[in-house]
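Here the structure is laid out as structure tokens; the discussion comes afterwards.
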Amino acid sequence: MSAEMERPVAGPNYAAAARDAVLAGVIALGVFGPLIGFKTEQNMNNQLVVENRWGIVIVIVAIVVIGRFLLKAFVFPALVTRKANAGPASTDESFFKRNFKTIGLAFLLLYPVIIVSMLGYQQSIKWVDNFGIQILIYVMLGWGLNIVVGLAGLLDLGYVAFYAVGAYSYALLSSHFGFSFWLLLPLSGILAAMWGVILGFPVLRLRGDYLAIVTLAFGEIIRLVLINWREVTNGSAGISSIPKVDIFGWITFNVADPTYIGKILDLPPSSAYYKIFLYYLILALALFTAFVTLRLRRLPIGRAWEALREDEVACRSLGINTTNTKLTAFALGAMFGGFAGSFFAARQGFVSPESFVFLESAVIVAIVVLGGMGSMVGVAIAAAAMIGGTEILRELSFLKAVFGPEFNPDQFRMLIFGLAMVTIMVWKPRGFVGNREPTAFLHEKKSVSGSLVQEGHG
Amino acid sequence: MASVALALLIVMVVSMVLTSLMSWTIERVAYRPLRGSFRLAPLISAIGMSIVLSNFVQVAQGPRNKPVPPMVTDTIVLMERNGFAVTLSYKQIIIMVVTAVLLAGFWYVVQKTPLGRAQRACEQDRKMAALLGVNVDRTISLTFVMGAALAAVAGTLFLMYYGVVNFSDGFVPGVKAFTAAVLGGIGSLPGAVLGGLLIGLIETFWSGYFSIDYKDVAAFSILAIVLIFMPQGILGRPEVEKV
Amino acid sequence: MAEMIPSWETNPILSVEHVTMRFGGLVAVNDLSFKAGRGDITALIGPNGAGKTTVFNCITGFYKPTQGMLHLRHADGKPFLLERMPDFKISAKAKVARTFQNIRLFSGMTLLENLLVAQHNPLMIASGMTVLGVLGFAGYKKAEKHSIERAEYWLNKIGLYDRADDPAGDLPYGAQRRLEIARAMCTEPELLCLDEPAAGLNPRESGELNELLLGIRRDENTSLLLIEHDMSVVMEISDHVVVLEYGTKISDGKPEAVRNDPRVIAAYLGVDDEEVEQVEQALDVVTEEAQQ
């Protein structure tokens, strides 16, 4: 297939590798040369002037040449030998792998405790908020969308619309009517599910690219309406000072309240308590999503979703109402998106259309696909890797010491995020967990190889 | 005038060559390994690549707008009454002419050349085309190159017309292009032209007569409505569900 | 000589009446009428492209016939007009199940799961349209156990009990064909439509298939309608044969009668119309001579 496979003989072939490396260098020069070598800047008179940076280009081309040479001369032959020598995959998995779910769950439950005991309350905020809560929101969104994309096989590129519906429902209803979070959480889920049905009904006849583009269009429509319907949504400025969540009115997180958690528990005031509370709240919501999805998979509706992904025509021949089945998938996915949205609004205290751009939808779809379609563990791993990974890039300020003070690692964040998406897909096209767990068994439970699982046409 | 036209032509050709090379590389690195696997893998890879590309430009060229001095400024007055003039600028004429020429050339390639035949065969059934001796990988590479070259021309015209460009400017036209292709019917060249014209006209008329804020909403809504009644797009081949 | 009225005329489960199906200019089925008897195995045969699969698609609601009617009558007398029903209701309400010419299993799901999906509708009701099921009500557990038993029954019948937990896509071709039949039977159909069930089977598998089909007719209160190119299968198990050519019915009757029908012979051997006429004239002469 690929050029690397032509010569299964192990051992480096330096001449071929060198030829390949030079070619790669020429291509790299063409690809990177003009865009990096020339930089246009605006001068005092608003004119563009060209600046030369051929030094960087030379460095990059050198990296490409050397990298390609090493790959071709050493890495690929090594891979081929390893593949040839690899026996049948060992069946006994490590303790860690077998108990991955339990260990993962225990870690998630203890995470804030670990962080606080290591860093103290004040220092824990960043780790609980930027990593814990942020990742869990995406885990929940990924699990919600997993119902639509992973189980029912319907490609929804506008999922963020339901997240937005949930967030704005909470923001608007709490600031206009003062409803509490605990009332609005289910309500925003229901509203989002309703939108799911309203949008889903006309579009579920469509398949493939057509479904993808219409869902994308709906996502954009909702965002544009949020921007432009200023009387209600306050436009791009968004809605701020959304009230904090409290624990059913008994315990609150505003320092001024007599029921402030610090006063009740006799602790010094800190915003860390609220973050830790939010962490457990989103963890509970995410686990609720997981629980419901796992249950649904074992019910006829869940099997019908997967059957729909496998073969829609066969489903109809077995008496399954495919429209209703798709709609329930759409509505349930939307509902979990709505829950996540109202949590998001409560956590930020502020919502604006900025948070609901297409890129968000793309990231959530990417998490589902990178995780392995339909696999909940895979989705969680993908969310942790992608979101956690990009958050870590924010922390790389030590690189400033290497590259000088103007160097801003933050600007490489999305670049690396995109590269990671491409790399993971090329490396594992079926995602981290490609196998499918059957929902029922007679003799023994065997997972189904990903290559047999269909991906749906919707 | 002649020198401006020449400069524009040179810029266009150079950018076509560069983007073609880039597109060829990207196809090679990010899409070819995924050929034949799982439908969503190339999609995710493509989304990742689009994030990479726009951020690469941001990192390499900076996040700020890049203005260029106006290149073509002349206009023709078509009609004038009560001090209001209906004008047609040379820029607009250039865009129309270039589009028409490229469209004709592109149509010729797809319909009349062996490459076009191979492309259409791969579109219908890649495996069968390969069995009949079509070099599928090469055909797809060349298709990517052609697509990128056309996008480069569009980019150059965009810059000439609006006079300013930014690293993130590609996203909205990209989505609109996809929208236009789907609206017209995927796989149909006249459909893509029709879809593009319709999207443009809807936005312009909506901005003119109703509100400019909702022009994209109008375009997307019309896309949704059309697809609900014509699930294959306007000129797309209806997909027969053989059972 | 008084003709005996065949059983399918007196007690049909399915009556196809003047069905025409056009695709643009192509007339795939042309004014077709026939009846399938209750409890019979009816075979629909004809050369490639004759329109057999199209007839199935009309019966099972995947295509809406351009003209004509499709009557189905259950054993309890309940009538259905199939051409007015959407495809999934034809399976759910009218109890018509089918298999496909190109096997359509849920290849990434296990055999057991395939058979459970086929019992979707009763299970859906048992799970209280999912609500009670999510809450973990016991009624659903019982219904699911019952469904698993039915699946086991069919897995035993098709000889794939041991492979219940393997993905359907891993099965060899012949086993996939049998699984598809078992899956269709799990919907408890009154009429089972099989599109070329013996295609691609070796002689032993083909023999097993015959047994399976005869068993279904004997034990399950299900009538069968099958499309088949393998004449040995058709002649061995069917009670009634309908022959199509270019969308038109050219023969209809008992297997022996159809086998000797010169028009059928001509259709299968691919002779010209003139030759058919010659054969017919020759036969007329023969019969006239016999009568004299």
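Read from first to last, the chains carry the letters A, B and C; within each, the first residue is number 1.
Quick note on the criterion: a contact is a pair of C-beta atoms (placed from the backbone, for glycine too) under 8 Å apart; a residue touches a chain by one contact, two chains touch by 3 or more.
By chain, with names taken from UniProt: A = Leucine/isoleucine/valine transporter permease subunit; C = Methionine import ATP-binding protein MetN 2.
Only a predicted model underlies this, so the values are computations on that prediction, with no experimental measurement involved.
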By the document's touch definition, which label belongs to this structure's chain graph: line, ring, star, complete, or other? complete
Quick check on this structure: which chain has its C-alpha centroid closest to the centroid of all protein C-alpha atoms? A
When contacts are scored as defined above, which chain pair ends up with more C-beta pairs, B-C or A-C? A-C
Chain centres from averaged Cα atoms put subunit A and subunit B apart, in whole Å, by 28
Report the inter-chain centroid distance for subunit A and subunit C in whole angstrom, where each centroid is the mean of the CA atoms. 47
Subunit B: which residues touch two or more other chains? 241, 243
Contacts with two or more other chains, residues of subunit A listed in rising order: 313
Enumerate the residues of subunit C that touch no fewer than two other chains. 62, 100
Using the touch definition from the top, list the residues of subunit B that touch subunit A in their complex. 18, 21-22, 25, 29-30, 32-34, 37-45, 47-53, 55-64, 66-69, 171, 175, 178-179, 182, 186, 211, 213-214, 216-217, 220-221, 223-224, 227-228, 231-233, 239, 241, 243
Spell out the part of subunit B that touches subunit C in their complex, as residue ranges. 241, 243
Contact footprint of subunit A on subunit C as seen in their complex: 60, 62, 87-89, 91-93, 97-98, 100, 104-110, 112-113, 116-121, 123-124, 127, 130, 133-134, 136, 140, 144, 148, 152, 155, 161-162, 164-167, 169-170, 183-184, 187
Which residues of subunit C touch subunit B in their complex? 53, 57, 62, 100
Once bound in the complex, which stretches of subunit A touch subunit C? 292, 295-296, 299-301, 303-304, 306-307, 310-311, 313-322, 328, 436, 438-446, 448-449, 452-454
